[in-house]
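Some structures are shown below for you to check.
Both complexes shown next keep subunit A, but they swap its partner, so subunit B is in the first and subunit C is in the second.
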Partner chain A sequence: MPLPKDVETTTPKYLRDKYAIVGVGETSYTRGSGRSTRALATWAVKNAILDAGLTPADIDAVLSYQSGDSTFAPFVAGDLGIRLNFFMDVFGGGSSTEALTGMAIGLIEAGMCKTVAIFRAMNGFSQVRIGGTGARSAPPITGDMLHSRAYGWQSAGQMFAPTFMRHMFDYGTRPEQVAAVKAIHSEHASNNPKAYYKKRYTVEDVLRSRIITKPLHLLDCCVETDNGTAIIVTSAERARDCRQPLVLIRGVVGRCTKPRADMHYEAGPISTVAGAYAREILWPNAGVGPADVDLTGAYDAFTFTAMLQLEDYGFCKKGEGGEYVSDGTIRLGGRRPNNTSGGHLCEGYTHGMNMVIENVRQLRAEADDSCPVGEDGRRRHTFDYREGGCRQVRSAEVSANLGWATPATGSAMVLRRL
Partner chain B sequence: MAISAEYLGMPLAIDDLDVENLEYFRFCALHDFHLQACAGCGLLRYPPTTACPWCANLESRWQRVEGKGAVHSYTEVHHAIQPAFRGKTPYLILLVELDAQKGKPTPEEGLRVVGNLVTPAGVLAPAEEIRRVGIGTRLRMVFTDVGPGLALPQWTIDEGAKEPENPWRYPQE
Partner chain C sequence: MTDDEKAAALRPPADPLGDQFWQSLKEGRLTFQRCKHCGNAWLPVRSECPRCLEADWAWENASGAARLISWVVYHRAFHEAFADRVPYTVAVVELTEGPRMTSNIIGAGDPEALKIDQALRLVIEPDFGLFVPRFTPV
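Right, the complex of A and B next:
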């Protein structure tokens, strides 16, 4: 099912660099926030507005995504005194951040609003467990769900595992290669004071942790946390008046799917994920390719999801993802670090927003590590990546976020600093 | 007519407007596996859908399909999420590629039917049987009866088939 040759989807070429992410904000990453999702969202959106050097009156649209587990945009807007020219709350988890960023561009381009706040707020540990345990684990199984849940096939790890296993079968990918994703992200997280897990893990730690569902060990799976996260999107023209160095949106692909999104295991090599389709939109629209990218934010709900996406977006040859994630390339100091905040595996689980926030900070050269802050308020990065040290990528100019919903659905976004 | 039943303590239900699933499971309850065949192009599809994924024809008829195939991929669950499966670990979730319509209409397509590894009687298989199954293992369909009009298609080792010498299993046992 090839894409038509003339596809012009979320960001036609003339929109390159015309929009910017001007503000990023989050709450703390905890297990036990002690707050409602409404309070978490409000806190995160306020932080993003302050980060941009804006006031609530400058925001006229709010988008959010959720899975029946969070507050809605009008409540958050109301709390902050934002009058809305547009709002929409969509049903979605991973891959929504990039998709909604593309939609925000479309909304502004259509003249419907000017400056858009996008948030995701969840008590992913203390209320609706993202791993599917607790209240969500035993609802009545109806209709189409009989083909999955009646077989004990329900959680994200269980649903994705046949893709992971088949990749091992098709390409000889080894558990220790994929475990390197967790080990490397944990090194990154150890230099991120706000990460929920700051401890460094080794490949052996991952392989020795108990099996959840093959091929996933406990430490191949991300951490469930409570948090709110937010970004602010506006035109590059308006962005010049904002407080931060400019981070421009180069290209977006949103919620691109494999054939048979209803039951993707019926079609295509099942060891190939949506990125193999999405990349045909992302790179032409962004006008850059994988070789131009300095750092990536490949969605790490599991170690495997980061590996599969890096491979299918073309950062290495098909089948060589195991080698790519374990040869040092994705480590801080390597050729193209991935998830320098520690990502979902270590910083906290946000359905993708924290990886976009991190890349924006990286492109501003303002990674919030423990390096000293100068009198001008700018961080003096040491580029010493030892535990507790720096996590700023040297000369970061172009980043790529690779968002994952399922093996069959993904979004991606290329950002660059001016 | 709507169906509701209980399996391993889990409430299962199909409402009366979900005619595709009602029909699919009605055949399963007769232990007679059927899939929808497109009235236009004739291709079979799984699971039940409301149109043909290849030609968008809204009409279909139910056609008997032989429940035999080989494991295309799988996972072995050691930490159950649903309370119904806690006490049942380890269990296998299998994607079995049917011999019927294998590699059609394109070489990467096939009818990959979900199920657990069960005994010939339809009960979740014990650990020693799970260890015999990997990618490539030949399986045959059996059914787990749930209630009137409802049985779940499942998979059991096809003892009569020529099995691969070393079906691929996750390397870290």
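Right, the complex of A and C next:
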């Protein structure tokens, strides 16, 4: 059978809109879940199945990602009564949600399974803290610390921060500009009843908080929480039988790296992140560009990671990320809101999955805020973004999630509503 | 935390190539690898040239001259072994010969006053049984 004419190996355009995210679910975001990661995962996947209007018998594949801190797919499948045609647990944190969604498409396309649940479950506060304290601070035994351990170069944010430091030097970016990311995400979180931190912060609050590692203040860093999150991916064809408005996958790029992913600082310029490479796959795959996107989910492990990604995926000119994140564009009511749930900085820390969940709900016009629910079960959004109010983006049609693992590794996904 | 525990926390994991790098430092030399095939020079240590994939390379001594690519200042330790060192500076430095490496900046007075691209020179410091290549402003 001849392939469509526009097919090239890196851009399978014929898969555009052929797959959908039909279910999303999560546990509550807490510090001290009192549950195992297995129980958290089961709870989250169950919620995603119910959200989709499916039954466990409809799910035949489960994928998960973790960093040696979580349960495995077969246990969760067993607890849900799911018989598997495929499962895989991969190593990794941030940037995995988008990458695994792309893999799910490939698995279904290869005829190996039909409907895939993807989960991330972590006791990120009460068990293994990503900030590098607790169990994670134990000296590692892998060979990749050869050239960092002796210098006391530990903890994710501190390993990322030289990128931001250099960005400030190269482009004149200022701490108060990225502090706006926390302030704005906290406004969004104040309209998200399930957010761990609902309090609104100001740019001054961020700048006044203590320095953890120059140039990072405490409030530039994300929250650490316990939670499970899950999404369900299937073909658009099967998605039509599901309960929710259709949210189609336009294009994905997964775990795309800068040169020398092991020690990317050895190749300049270091103020550029993986998005500068990933966008060359994302936008052609999705058939849209930054200007077509109504809302973003730029990974905010730190305030500056959201800024760097928005810039390198082309939402503004190179070097203008500081301006872009502080001029009101990314605020609810602005031209292109970012992380309307409050993201990692406020809602909860999930290694990226809560940002995908949020954008799916936004595209359904079903952001779970405090707006009243009508008799038809649909939310009546007020679009009044004041504290405690609405967080639905008006006419949200296209979203982009920009997942971050490190400055050197990123994944991204464009979704659209039908 | 005992001194032995602190030393264990600093010590790089055992690795045949990495051990050669640290052994040279003990002898007062900071080394990097240079490909005999294509001339590429690199750090951190690898068994093949990442440009041409030849395994035919040699150690070369660095002059010790370098410049500051970027840095951060730790005001909080993420491992107990470093608790009595805060604030300390972790940097990415570029050797004059080309390779870049992670290191610390010492003897800079106020670490907040460091300047990106400023000139540095090598200081090899004994530290819990290791000889650690660190840099100081020229």
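Just so it is clear, the second predicted complex is superposed on the first by the 402 of 418 C-alpha atoms of A that agree within 3 Å, B and C clash if a C-alpha of one lies under 4 Å from a C-alpha of the other, contacts with A are read in each partner's own complex, and residues count from 1 in each chain.
In this section, contacts are C-beta pairs under 8 Å (C-beta built on N, C-alpha and C of every residue); 3 or more make two chains touch, one makes a residue touch a chain.
Only a predicted model underlies this, so the values are computations on that prediction, with no experimental measurement involved.
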Query: Putting subunit B and subunit C on the same copy of subunit A, do they fit or clash?
result: clash
Message: Going by the contact rule set out at the top, does A:Arg174 touch subunit B (first), subunit C (second), both, or neither?
response: first
Message: Tell me the contact category for A:Arg149 with respect to subunit B and subunit C: first, second, both or neither.
response: both
Message: So in the superposed three-chain picture, is A:Gly68 touching just subunit B, just subunit C, both, or none of them (first/second/both/neither)?
response: neither
Message: For A:Leu207 in the superposed arrangement: first (subunit B), second (subunit C), both or neither?
response: first
Query: Looking at the overlay, does A:Arg166 come into contact with subunit B only (first), subunit C only (second), both, or neither?
result: both
Query: Once the complexes are superposed, what residues of subunit A are shared between the subunit B interface and the subunit C interface?
result: 131-133, 137, 140-143, 146-155, 158, 161-163, 165-166, 169, 210-215, 260, 262-263, 265-266, 268, 270
Task: Over in the complex, which subunit C residues touch subunit A? Could you list them?
output: 8-13, 15, 18, 21, 42-45, 50, 69-82, 85, 87-88, 90-92, 99-104, 111-112, 116-117, 127, 130, 132, 134
- prompt: Which of the residues in subunit A come into contact with subunit B in the complex?
  reply: 131-133, 137-138, 140-144, 146-155, 158, 161-163, 165-166, 168-169, 174-175, 207, 210-215, 259-260, 262-263, 265-270
Message: Per the contact definition, I'd like the list of subunit B residues that touch subunit A in the complex.
response: 7, 10-15, 18, 21, 25, 45-47, 49, 53, 72-85, 88, 91, 93, 95, 106, 108-112, 114-116, 135, 152, 168, 170-172
Message: Quick check on the complex: what are the subunit A residues that touch subunit C?
response: 131-133, 137, 139-143, 145-155, 158, 161-163, 165-166, 169, 210-216, 260, 262-263, 265-266, 268, 270
